[in-house]
Amino acid sequence: MRLLLLNSNTSQFVTDKVTAEARRVALPDTEIVPATGSFGARVMTTRSEVAIGEHATLDALAQHAAGCDAVVIAVSYDSALSAAREMVGIPVVGITEAALLTACMLGSKVGIVVFGRRVLPLYQEVVSLHGMDARVAGWRVVDSNSPYGQGDQADADRLTIAAANDLVERDYAEVVILAGAVMAGVPLRLQDQVAVPLLDGVSCAVPQAETLVRLARPKARTGSLSALPKREVVGLSPALSRYFNGDQA
Amino acid sequence: MRLLLLNSNTSQFVTDKVTAEARRVALPDTEIVPATGSFGARVMTTRSEVAIGEHATLDALAQHAAGCDAVVIAVSYDSALSAAREMVGIPVVGITEAALLTACMLGSKVGIVVFGRRVLPLYQEVVSLHGMDARVAGWRVVDSNSPYGQGDQADADRLTIAAANDLVERDYAEVVILAGAVMAGVPLRLQDQVAVPLLDGVSCAVPQAETLVRLARPKARTGSLSALPKREVVGLSPALSRYFNGDQA
Amino acid sequence: MRLLLLNSNTSQFVTDKVTAEARRVALPDTEIVPATGSFGARVMTTRSEVAIGEHATLDALAQHAAGCDAVVIAVSYDSALSAAREMVGIPVVGITEAALLTACMLGSKVGIVVFGRRVLPLYQEVVSLHGMDARVAGWRVVDSNSPYGQGDQADADRLTIAAANDLVERDYAEVVILAGAVMAGVPLRLQDQVAVPLLDGVSCAVPQAETLVRLARPKARTGSLSALPKREVVGLSPALSRYFNGDQA
Amino acid sequence: MRLLLLNSNTSQFVTDKVTAEARRVALPDTEIVPATGSFGARVMTTRSEVAIGEHATLDALAQHAAGCDAVVIAVSYDSALSAAREMVGIPVVGITEAALLTACMLGSKVGIVVFGRRVLPLYQEVVSLHGMDARVAGWRVVDSNSPYGQGDQADADRLTIAAANDLVERDYAEVVILAGAVMAGVPLRLQDQVAVPLLDGVSCAVPQAETLVRLARPKARTGSLSALPKREVVGLSPALSRYFNGDQA
Amino acid sequence: MRLLLLNSNTSQFVTDKVTAEARRVALPDTEIVPATGSFGARVMTTRSEVAIGEHATLDALAQHAAGCDAVVIAVSYDSALSAAREMVGIPVVGITEAALLTACMLGSKVGIVVFGRRVLPLYQEVVSLHGMDARVAGWRVVDSNSPYGQGDQADADRLTIAAANDLVERDYAEVVILAGAVMAGVPLRLQDQVAVPLLDGVSCAVPQAETLVRLARPKARTGSLSALPKREVVGLSPALSRYFNGDQA
Amino acid sequence: MRLLLLNSNTSQFVTDKVTAEARRVALPDTEIVPATGSFGARVMTTRSEVAIGEHATLDALAQHAAGCDAVVIAVSYDSALSAAREMVGIPVVGITEAALLTACMLGSKVGIVVFGRRVLPLYQEVVSLHGMDARVAGWRVVDSNSPYGQGDQADADRLTIAAANDLVERDYAEVVILAGAVMAGVPLRLQDQVAVPLLDGVSCAVPQAETLVRLARPKARTGSLSALPKREVVGLSPALSRYFNGDQA
């Protein structure tokens, strides 16, 4: 199957990072099709960038979804996740959603590490929107930007390990999620030093998307996720406009 | 004071409707500055249009906020509400948020009428995001598009009155909100036929925005709503880009 | 409009304090009509005093509501708030209710500072009754009685600033409420030293009450807030009895 | 032991009804000491009467608590329950509280029948205040005042049975509470015609109060229920004033 | 009445401990009938032992319930509590359930001390299953096994007192539960050193079971707790099988 | 990989049904290893059978887990799910858990159809235990036992389709789960007649278990799911005893 891995950030660096991990975990016959957003933030870390990213996600989806069997939205705010489910006829999975759902099968309560205190409320709202508050043991903020760059990660790793183990020690987390697309693959490097299973979103989202493809359920014929009716829109890219003009399903 | 009334839909019809009601309820020295979105849906009624509308809201905000003292986002999904609060240095209020908060002072439990079953989950998510689930008595769906047009509203009125009173009778609602920007002013027409106070968002949001201006609290210096740091963005309108380039506060 | 500012405590000191702040924030054409409770606690800080204060609130309301357009209950337990809404035909707002609702428009999560650990559970119950638990970031207790007196406030100020900033630092509050009628006006003095907007109840309740007057919705004709039916009561003050005898609406 | 059965309504009829049931269920060596409120409503069915009843409860408590080993507040709004716990040094139980707690041991989910739609929100707030929302299967309103009178109860009985069985059939209640002090003893008459256990508050509260006496735990030395500090109050009855003057514990 | 005190652990030591406390608190005419599980853990402290204990509870119930008027399940995970209610025609109470319900009448918020961090999530799930999360102030873990043995308890006592008082100080608990059957009677020894009422499960469960016997409500005729229909089972003890064969009620 | 499909019911009929569907959905290189419980109910539909089934699940797990890479507990009460996760070193997934998690990726709100009103509360407790209440749109009970037999399913199918579509129409479910191991494969037969995706547990649990195997996270080294310490147990089967004797990991 062909799996669109959609990084709605405009940073190739992030796309490369998520693609590498997606390819590592994908089934042998799954082709990972990476795509990068064409406008907006390099790496979203403010509410304003995330709001713009909703549009960027749908725009990139319209550009790249054709010929794919499923979509992973590789932005950890699960940007435009439900809208994407409505817009296309194939399964769509968000990376933080996938990490949360998968974590539920690995521990009673879930700890979550976010990078930068500014984004903490955004992730809390993502978890609430998914209806998963009751499963959260606690949150930790790591104040380091280095995971978003290509330099040495030793300092960030140390802080991340400390945050994860603190969630285990003081909040009794039994599984820990590292939030953020750039955390793709990081659990492999840090798992040995954390006492409970460590998850990133990308490695969970790929098999979850494959699962939905294998289940092959039809798109809902009613409700907020059913196919877009024909709608009048203005000022959108030709690719995106086609989804509202009735030229796409 | 100058109050930006921002309809991120691209429909002048909706802008006119919300402006009329906003002017009716505003304080004498409040100038209503209407603005309409420049891209996206005519009137958002799908998840995809709402996702695009987040960007459209911020873009219109960047175009029109200068010189204003506060903003009312006149889209009933409270599109990009928190992002707008982060982006500008003046108070921002959403119309559904304002209706919910105001309703809390008028009744123990709140009934909500939405127009079209497709949008019901969107409004439920808005209410959840505002943390107000505990105050909701119940929901009713009116399946009529006529409020979005300029023709006769008699049928829609009849259905809306029935839905509101049914919320009172069966779900014990003590106040009822009519969700949707196009409901601006409608409570005045229907109130006599409903047994409890009837609210629309615009008439609540204008005095709420005025309240925040009068309170004159400073912008948070930390957290997700503090001023945007300088951020690298691409492909945005010049007006919107300026907010990320450090040329605006 | 005439706005009854009802301090159901029996302390003139508190009435003076809330009146000063109410007058400062009121619209030019709003006349603040202060009233003080005629029996019960000087300043309520125990559950027993608060229980008695429910009656004292309604009694003072019956004495003073005539000729007013709205009521602010200037007791931070929002004493007899819903009962007052039932009893009179004009809007009624509680100061803690108003602070909570207003705070929702200023920050994602709300921190609350209370004065004295004994009252913490009372405020937690007020917040729960308003259905606002989901918006609370955290609580802090300041153990100082000096805000209730007329002497030097330097020590209390220092503790309050520390508590507010600790809510920001450790609980990620994005707006902070100082609970208590005697906190009226205090945010003006302390705001500079706190990183997020700081609110007291009185300054929020006055514009909220004005908002309800401007909205001019009718009283509910059914439900728990509709007009009192004629009821047989004994042993109440003549003013209060009239509301149950059918002599008042 | 001596058990104060405190009806804060001013109706002797209700006192007689709750006393009869209390005596039927009490342990052989428990003496039921009935007391009636001295001011306020005959039978509280409005928010305003309930607010006044908070004071009436404490006043009656002050008049009658001396020499008793525990208190049952025989008003179904559990009026002033926590305040009473603070004010006196002996255990206090509310009748609706007791019914809810006891019901938890008899069924997975609890149905509740209330009499008159006006009081429904009041009972919902009582249940929320007790933190028991998660155990409620559903609510039914019986619109009949006859339980509050001395005439024929056949019609009310028929409606009550129907409401209880409807909670079982449609909401899957496994135990049903009849809310209201006047429901004391009614389950005995109706139980045969309802498919699940039927409870009233008084018959649950008496053994619960006896339980607390037998457990003989000391009063909390800190927190909102610890002994009243000396407080300045005005305009209260001599009996009640003594509790604030430090002349009582 | 005869009260079956069912310790589904296979440890006589625990049975002796709970029996002593049960006899101390029981009514004069209540005969405590102790029983011990016949298979499974000595003292359950792992999820696997607790899962097996569900069966062990029902098996012991089948062996010993005949001739009894009520059952107390003296395992602090309230093992097989609802199943036992379905299986037998007499009231059944769990010790942690009883402690939680009783605690609600003694304090606004409840602190809970558990012994061993491994069991913390199990108790959290018990509380959630009882729908009592909203009443919990906080949790503390005491890492000591000595309460499960017969040696000196001084160290464990010291840690337990510290944990309880810390719940009072930092989490504002107004009543504290010591979780675990082996805590039976311990509050008597430690109460003086804790600032709020201290509860164990057994001393609460015995009067609660007596209360249900005195209320004498009939078994539900429908729902998940109604009498077992005839069911085909294999491989169970003869005593237990009889309950499914229709030979018992 | 080898996937243990553990039906803790003692009915070969159910094992055959779940095995067929598991084999249909499994990856090509996944070997399904079916196992049936050795004691307890044929098909659990009472609380007592479910309680016994916790033990039966662990016993069967001990008999059959050796040599497997993951476990699916093919009992829709997710019997002993967390205990199994503690007991073995390989991933374990419950079928209702898997259906719930998978449903979250297919619809905003989830409808659930159960078979027989007696089991409704059991499933509600399963959903609550998984912390998923916020995602549930509604429940429907189909009163038919025929899915548990081998005869004609036409009647049950008709009722099930009606229940599913009623969840869509009246409760706005966007995805529907058919609860029960015997529903394995049924969605394939009924999907065409239901307007939204239809799920059973087995077809979701198999790919979820495969996902966990592929993720290859280590077992937690602390907490309630970490490896069993050596424990003294009595009266268990030799296979199960070995897990507590330290002879297994």
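Residue numbering begins at 1 within each chain, and the chains themselves are lettered A, B, C, D, E and F in the order written.
Keep in mind that, in the parts below, a residue touches a chain if its C-beta (ideal position, glycine included) is under 8 Å from a C-beta of that chain, and two chains touch if they have at least 3 such contacts.
Computed from a prediction, not measured in an experiment: that's the story for all the values here.
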Those chains which touch chain E and also touch chain D: C, F
Farthest chain relative to chain C (centres taken as mean CA coordinates): F
Same or different contact residues where chain D meets its copy chain C, judged by the half mark: same
Label of the chain whose CA centroid is most distant from the centroid of chain D: A
Geometric centre distance via CA averages, chain E-chain B, whole Å: 52
Distance from the mean Cα position of chain D to that of chain B, given in whole angstrom: 44
Chain A and chain F, separation of their C-alpha mean positions in angstrom: 27
For chain C, residues contacting two or more additional chains: 82, 108, 117, 120-121, 125, 128, 134, 172, 174, 222-225
Graph class of chain-chain contacts, one of line, ring, star, complete, other: other
Touching pairs - complete list by chain label: A-B, A-C, A-E, A-F, B-C, B-D, B-F, C-D, C-E, D-E, D-F, E-F
Residues on chain B engaged by chain D in the complex (per definition of touch): 108-109, 134, 172, 174
Interfacial residue positions of chain C with respect to chain E in the complex: 117, 120-121, 124-125, 128
Complex contacts: residues of chain A adjacent to chain B: 10, 38-42, 45-52, 54-58, 80, 82-87, 117-122, 125, 128-129, 222-226, 228-229, 231-236, 240, 243-244
Touching residues (chain side chain B, partner chain C) in the complex: 25, 27, 82, 91-93, 97-98, 101-102, 104-108, 130-135, 168, 172, 174-175, 187, 191, 195-199, 203-204, 207-208, 210-212, 214-215, 217-218, 220-225
